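As written, the chain order gives the labels A, B, C and D, with residue 1 at the start of each chain.
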């Protein structure tokens, strides 16, 4: 209701600031009797972790997760599952100089207008560090989905004007930008490195694909699966847009081109094309779900920028600290997590109407 | 929860099928003592109504709304406000020939897979006719917002490859495509007419702008204002994508280009640019909120299309009935309605944290 | 959220005032493919209807229900199910004399303080007439439960100081107070008749029993089944208390008396006693659920009573109109409805955690 | 939704098992800029703590709370507020002998039937230790309410057949049973001591009074204030009933006796009596809210009891461990907490409908 909870029956509630003592999450609605321990979650946390390479922030965090409840003797009990990740590399000094200054592109100003206060410690709650909780919860959701044959993969398809051309999912974790195109990945990394050297940052596009999703997920009218996914993904900081299937290109198409004709593929009803991106009328078709999100260039750049203070004085700001020159590589696991949370929820809701 | 309710404290619950007895809506959380009567709502219903021109469906519906509760002596009481719109021009015969056939691009197949049944009467609940309830509720939301100086305007900016070049809001209701560019509107209409003559349909893009929105609306983490708006808008049937501010173009920008620098505009803190589209860190900045949605070409086209039946036989379908060759003109008021519902909710939620 | 919606996945949203055009309900989450038509609902509406006897209000309403959506060709579709009941016997003149006077025991004063307005037409939204919507929704819930072997029965066990001594469920619908004790029913009716003649009213106690409820329903911590049932039932106007199993008597018992010892009843684990009333730790045991609610004497009495006006003048009020001298007979079906709504919801939620 | 969250805009989500690493809570919707630090919360935790006297469990826990987020520089920020309390005195050995045995009166059996597993460590999630999270959250709610002049006090009014006769709130914290009657407290304590010596336990009744609650809180139909309070309180383990104002006695009253007549108390509209217990039509009147809850005798008793195992063998159980012979003294702060959470939520929701 007040923004820190996601989901309807697989409900995720998160907390934590970038430089507070900890971030964490409670998941309500985890099915009982699922094998689960910290390593199941740590894998994705490590993918999201800063300090992985020059392409990401140099903050040093081990991001070790501790399960506090909901698991007993290696299995989920069905009760509230809580996880905590202690912050270690807190450097308040990095931020004290900007405590009264609104950083361009950041939420400093809007939080101040909303709450009448300022948590200047690296953005506080607005920091990307809150996504740790999403990834931790998402790791459990992904595990549940995998056991049902549903796999989610996300990958960078553009950094600036460099676009991927192939889709080789086996290479995603073998390049620093998490692209599915090794050759493009190389040029993307150059683009990022160039931005970093220029004290600048660069945007990009991430695509995600869900394979094995059964038909019938999603709810009519307001809780269409694409609407829930849009909500889930657009809640990730730094996203500017989302599209499904043909996306914005659909606007230039004719109905006769765009309609996916059904045919019998053996005993299975399938569409010949998948322009719809796996969702029709808000409900999954059983085809791959395909979506793309636009990622803005990181707001924290090491250049001097004009801005104002909370006392309404003009000033310039020089953001120090340790920042990602491109958000894409580290948002990839967050995208997967949010899709997983949405799908697990839809899957569980679907059970309520079937015998 | 199960999809027919939208909102957290200004809660809208809808019902109704395209060719059932009625569509309607209950709004829970309407503030008391607001002047309200049917004409306040009828205006937007008329904008959404079919049969307005050749550019829209020829179904004849008066779409007259009746308020059933929540209003007494011309004022809202604060209790549940219900509205009903009886369907009049039901033509089941238009649909009986397709009752076992899955129309390409429609939700027939996915509803069948979800629910194990088929309401073949023009899509049943999946019909665009459900948006009547949204527009009725949205009219009340817009009235509440207008009294606070918040105005929402939506307009078609592209039909196929024809793009608007100007933004003259005064002409929107004076052309059949609801464009803010009279000259482009003419060419858009030609595009639609051409599609209609070819038994085809065409997609488009709608832009919306909110003026006068105060800063501070939206909630951190999952209920970011852009996430809530994405959820709201992507729940409209036929949308393929949404973007805010610079949108997908942000992916190609550098941080130094994209960041909106703050400056003092007299006594007011403002950004020099509005690349963020009025929302920063998920919270409104006070600048205009700007977003765009991609509308797919109408799925119902009068061409013969290959498809299959629910008995898994290949067949061809010839959709008769009365359909819009381009959805944009009639989606425009729905877009406004969904934005209004989202903003009223955010406005009311914001009150809970202030004294 | 704002009070007119009940349930989590079987969600019921209601509207309507006592003397407005109609009352109604939308149910979101009705399972698809359930046989359903108006007569399934009418039966319980008739049990709740006024004008059944001298023991109830003389208002003449046929209370005919119309299904507006969610049912097609005699089966539920799984989409939002809406029902409407038009009010017929509206007599505003009965109320015009009291439009500025706060009736003792009624919600006139508190609604005025909450909303700053007054719907004086028989209590408006606060009228017991809103329970029509509950009973209509409950009839569907009861049907779903019956098909799973779960039966709910409620009956008056006390009117004033007259208490039932036997539990013969076959006689409940054969006496006007809906008691399960024919002999007591006679004396209860005398008590009611005596109150009516004295221009007075009388309270009572209703008991309800659920037979066939499976074990495992209810959720730990806040959504314990008894907590959800308490919420459901105490939301019925005029109730002053609720208790489960041994209820308030448990306060005087020792643990050694109160604990229900488990034993093997053939192959089944069962408790020897059912002091817990079928719910242990907030979760159903599989034994009969037993609860009782205290019903206050009807607030509308035909005696002259001291009170004040909204202009803060002292006055006396003489309530005319047509009122029930004892609420119990007509609350019985409402109690059943609210239990049914709670159990269907719990049953559906339980499915989300099982495979 | 799945039971571990309470509240609509002041939302409390809890986790933790009796003998797991920690219990904790996230509160979403805490108003910003409220002074808050650990000592504000510790006071009520200490009141609930075991080991206070012979009348309570001898488990040794310091129950020290740590605030993990949502507070910065001594003030709430408005973002998710998380608190954690590490468990220290975990003695799994106390429970290993009963790991397959269903304790009479406990949730062991029902959790097993619900989830298909058994967390035998002192009841796991079903332990009364989960109320720590409620009390921690309630302490913040109480602080918010106190600043608005709303005070909540709860006190034991009966232990077994010993009933309090006076209401002297100043003595509540000065006797071990938390009664408002020093003389009765002495006899209550004797009753508890007697039960303890007999390896038995005893039930009781707790009354709560809210002073200073403004009129207008609570929502019509399902979210009546008494319904929300019943839900809140009946979710506390071990409660068997709840009543408001005249409660079950109302069943024996006449309308002419029960109706609270309004009169002008100076410039203020007030009822001459408060039989309604401060809530009329589900909305607060502004008078004291008065309610009572029935507490069952503690299920854990040191006597040998017949029961069965999860393998369906008959057995006897001898519960060791450290248990409260009467739950009342330690439930008192939990009752206050749940009332506070309900009222803060109602207060915040009421703001959404006013300007």
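In the analysis below, a residue touches a chain if its C-beta (ideal position, glycine included) is under 8 Å from a C-beta of that chain, and two chains touch if they have at least 3 such contacts.
Quick caveat, the model's predicted, so the values are computed rather than measured.
Participant: Give me the set of chains touching chain C intersected with the set touching chain D.
Facilitator: A chain counts here if it touches both chain C and chain D, which gives A, B.
Participant: Could you work out which chain's C-alpha centre is the most distant one from the centre of chain D?
Facilitator: With centres defined by C-alpha atoms, farthest from chain D sits B.
Participant: Using the average of all C-alpha atoms in each chain as its centre, how far is it in Å between chain B and chain C?
Facilitator: So the centre of chain B lies 39 Å away from the centre of chain C.
Participant: For chain A versus chain B, what separation do you get between their C-alpha means, in angstrom?
Facilitator: Averaging C-alpha atoms per chain gives centres 26 Å apart.
Participant: How far is the middle of chain A from the middle of chain C, if each middle is the mean of its Cα atoms, in Å?
Facilitator: Chain centroid spacing, chain A to chain C, equals 46 Å.
Participant: For chain D, what residues touch not just one other chain but two or more?
Facilitator: 1-5, 8-9, 14, 29, 32, 78-80, 114-115, 125, 220-221, 349, 352-353
Participant: Please name which positions on chain D make contact with chain B in the complex.
Facilitator: Per the stated touch rule, the residues are 1, 9, 29, 31-32, 78-80, 220-221, 348-349, 351-355.
Participant: Can you tell me which positions in chain C touch chain B when the two form their complex?
Facilitator: 1-5, 8-9, 11, 13-17, 20-24, 26, 28-29, 32-33, 66, 68-70, 72, 75, 77-82, 84, 114-117, 119, 121, 124-125
Participant: Which residues of chain A touch chain B once you look at their complex with the stated criterion?
Facilitator: 1-6, 8, 14, 102, 104-107, 109-111, 113-115, 123, 125-126, 130, 158, 160-161, 195, 200-205, 215-224, 226-228, 230-235, 237, 239-264, 267, 269, 271-272, 276-277, 279-286, 294-301, 303, 305-308, 312-314, 349-350, 352-353
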